Amino acid sequence: MTNRIREGDYVLLYLDDKRTYLVKAEKGKNFHTHKGFIRIDDLIDNEYGSSILSNTGVKFIALKPTLCDYVLKSVRKTQITYPKDAALIVTLSGIGPGNTVVEAGTGTGALTCALAYYVRPNGKVYSYEVRSDFIEVALKNVRRAGLAEYVEIKNKDVIEGIDEREVDAVVLDMATPWLVVPHAYASLKPSGAFVSFSPTVDQAVKTVEALRENCFVRVETIECLLRRIITEPGRTRPETLMTAHTGYLTFARKALKA
Amino acid sequence: MTNRIREGDYVLLYLDDKRTYLVKAEKGKNFHTHKGFIRIDDLIDNEYGSSILSNTGVKFIALKPTLCDYVLKSVRKTQITYPKDAALIVTLSGIGPGNTVVEAGTGTGALTCALAYYVRPNGKVYSYEVRSDFIEVALKNVRRAGLAEYVEIKNKDVIEGIDEREVDAVVLDMATPWLVVPHAYASLKPSGAFVSFSPTVDQAVKTVEALRENCFVRVETIECLLRRIITEPGRTRPETLMTAHTGYLTFARKALKA
Amino acid sequence: MTNRIREGDYVLLYLDDKRTYLVKAEKGKNFHTHKGFIRIDDLIDNEYGSSILSNTGVKFIALKPTLCDYVLKSVRKTQITYPKDAALIVTLSGIGPGNTVVEAGTGTGALTCALAYYVRPNGKVYSYEVRSDFIEVALKNVRRAGLAEYVEIKNKDVIEGIDEREVDAVVLDMATPWLVVPHAYASLKPSGAFVSFSPTVDQAVKTVEALRENCFVRVETIECLLRRIITEPGRTRPETLMTAHTGYLTFARKALKA
Amino acid sequence: MTNRIREGDYVLLYLDDKRTYLVKAEKGKNFHTHKGFIRIDDLIDNEYGSSILSNTGVKFIALKPTLCDYVLKSVRKTQITYPKDAALIVTLSGIGPGNTVVEAGTGTGALTCALAYYVRPNGKVYSYEVRSDFIEVALKNVRRAGLAEYVEIKNKDVIEGIDEREVDAVVLDMATPWLVVPHAYASLKPSGAFVSFSPTVDQAVKTVEALRENCFVRVETIECLLRRIITEPGRTRPETLMTAHTGYLTFARKALKA
């Protein structure tokens, strides 16, 4: 994999730690910011990591977008809040290259991207979503991140059942995860991983109850508080405002019925 | 990939949410617990997820170990504290399948395992460690997790330089990460990711200073507080005691010198 | 108020930041520690803040106990966890000198001491407790802190009603605070403060519901996480282990029925 | 103390949990809100806790302001962030009725109010402030809270020394608390309490160093995270955004030089 920006690639234009822009490298176009515009032709064939000046002489750096950049830009949030949950969902459940994962709901596809990124190159994500308008947005985000081949989005209600069998993990980010627990059990291979993300305590409690009734073990609920530190010599301190709550994460493993 | 326990595999024997045991499936052996012993021969050829009784009739469940189980057992901690940091290191820096990653120091190999797991099947982790006694322990842990082919551990002091070039990420968990920042710059491909884990504020501040002086951008320091929730209908509450601090994570990206 | 240790006073013997001992100044006695014994006669008539040597030559400092020292020693905890909640209960509800406060249950009297300390010298705390064995312990703790004249402990079940009227605040630390909300309403003066401390989410939710049904306003639930920082030049970091949960605090104010 | 609103009193007009207004009861005046205006004459002689309608028929409740209401309105913040620190400063240091306390700097007088409230009726707060414009604001806030008789604000730089001797506590909320540590030592009675509030880690570290060099013991630094919980049956969750950092609190006690 060469490290040059090619036509059609995405580039993260970095102005400063608060301002970055995800831009497609399309010939002949200009990208306008409040600091002047960038000629996209100046980017193409340049190396990632290069500096580029806007027409008003302001320096931008052309970074290669990471998974998190795609995830963040897709969910329209400006800080790493959702990525922390995606990180824990993937890693604490052991989702990795080669895995088959069922997800519901797809939403804007942010978590779908994270899952697809980590099951590459031999795994697959089957993502259930009832709303077709969400599916369109999600498909766009998944394609933009270059992950379309690892994802199949299904316009189905996961509460009515999961088609796939012997999957490695079922990941839920939806209003009523407890209703899907029996389907997740049927779909998972023995010892497979269940994960659910829920904003409220009540959802987490109901999901845990359903898991215990359905022969899941190692049931555990956590929350993660991510705090940014302003590190300046002589003036180091945590950031004043913080996203203190996104949701609770519930993890479990499928045991076979005795 | 079949889902049966084969000779030589590792099995996570689950007794309850507080007690699990990582056991190798070796013919003819017994595994002793305070609840009696398990005949390993009874495990072999059984499906992961099955129940098994100890000689005193206590039920254990034979789970397939996840990445985190290997990580946790290798660092001899009983809760998901270090895994949270490993999760954020990997995901927030965008480390994924196919990446080449440099790590220092190897330590017990816990983070090495997480990195190797996620660069599979085409990536590689080069891990620097000065202490040969640590290397032995780390190699054992990496092998046990089945990740040896993705890892090369080097008995070298990373402060003297990094051999690899055009790497995707440099990940540091060592006492003086700031001394390695220039080497990381030389080793990384443009736009590549730097991550450092440090227990103290002072280490984080020095590392951030070195990064800013060495043409890194998107420099950010965070800490992550992971809280377990006891979800019992009618009695839900956060856990009383919590590991409130493991360390600070500093992330950055390499920009080209203008 | 002179600053000398008199017979009958309590002294906090400070050995180091982890070890302090609350001792009564009784003539002719010795106080034994693992660092030798202290002759109490050596303390009497000395100034608070003085050093004193044990018979083995180890230095202790004779501090005057603060409210928190009495509270901490009475609840047999070694860190400032409960005091943080006592601090918020008192201050955020505006309990202060001259107030009449109803408390239930008394328990070991730790919160009773904090309330009594702050309603001095003209206020009064009426504390309800059903268990007579607790009352004995609480009385001992209240007397030791020198606060007995500001406290009346009643061997009554607060669920059956509160005798006092026109009180400034009702403070509950008991299993079923929601059952006491109507009594608290009857007992409080209009605009008076209600506070409840509960370990579980479910208790807080039920209490909030009862408050809303009973014409309370400004209903608010919080939790407080207190983190200790190890401040050492060059090695500053938060403490590893932390008491991450004691309970939820619910505050409200009585409005008159329209 | 009667519970009726009298001319000249302050009233906290409560509209809902997000909107309250601190209003002086002045005859003949109207108080204008976006929900219409309130005739102040309708408030006077009414009981605290009563409902009152604006001219457009919207209900407000006339609460008696608590200490925190004065503190919050004086610091122009809408949530209980600073009050949590004031609560811990007062309670964890044992400041209480009858105490003599030195404070610096006065600032807007928010902490001054909290200290004065708790040293009543026989104690006194001496508050140092170099900026005369701040003193004017602080005096206004202290008077409004009805605490003027317990406070003396001094237009002096505390770095040049503290006039008072044998004080119970010295409380610092200023940029360079470490420079005041020797003066605090001279001013405090033996065993007396030192408290400092600082936004940055670096200030806390320097202050701790100065305390250790100046014969203070029980030196401890903490931070407090206060989290609001949205308690709604079936939808309970922590608030999304939180003030995650106000400052570090350092506590210490004066020991006599041996």
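Which chain is which? They are A, B, C and D, in the order written, and residues in each are numbered from 1.
By our rule, a residue touches a chain if its C-beta (ideal position, glycine included) is under 8 Å from a C-beta of that chain, and two chains touch if they have at least 3 such contacts.
The structure presented is a predicted model; accordingly, all values stated were derived computationally and were not measured.
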Neighbouring chains common to subunit B and subunit C, by label: none
Shared interface numbering between subunit D and subunit C [over half = same, under half = different]: same
Subunit A and subunit D, separation of their C-alpha mean positions in angstrom: 43
Length of the line joining the C-alpha centres of subunit B and subunit D, rounded to whole Å: 46
Distance from the mean Cα position of subunit D to that of subunit C, given in whole angstrom: 21
Touching two or more other chains - residues of subunit B: 201, 227, 236
Pairs of chains in contact (touch as defined earlier), listed by label: A-B, A-D, B-C, C-D
Sites on subunit A touched by subunit D in the complex: 199-202, 227, 234-246
Residues of subunit D that touch subunit C when the two form their complex: 1, 3, 14, 17, 20, 47-51, 59, 61-64, 66-69, 80, 83-84, 86-88, 90-94, 96-98, 114, 117-118, 120-122, 166, 189-193, 201, 204-205, 208-209, 217-233, 236, 248, 250, 253-256, 258
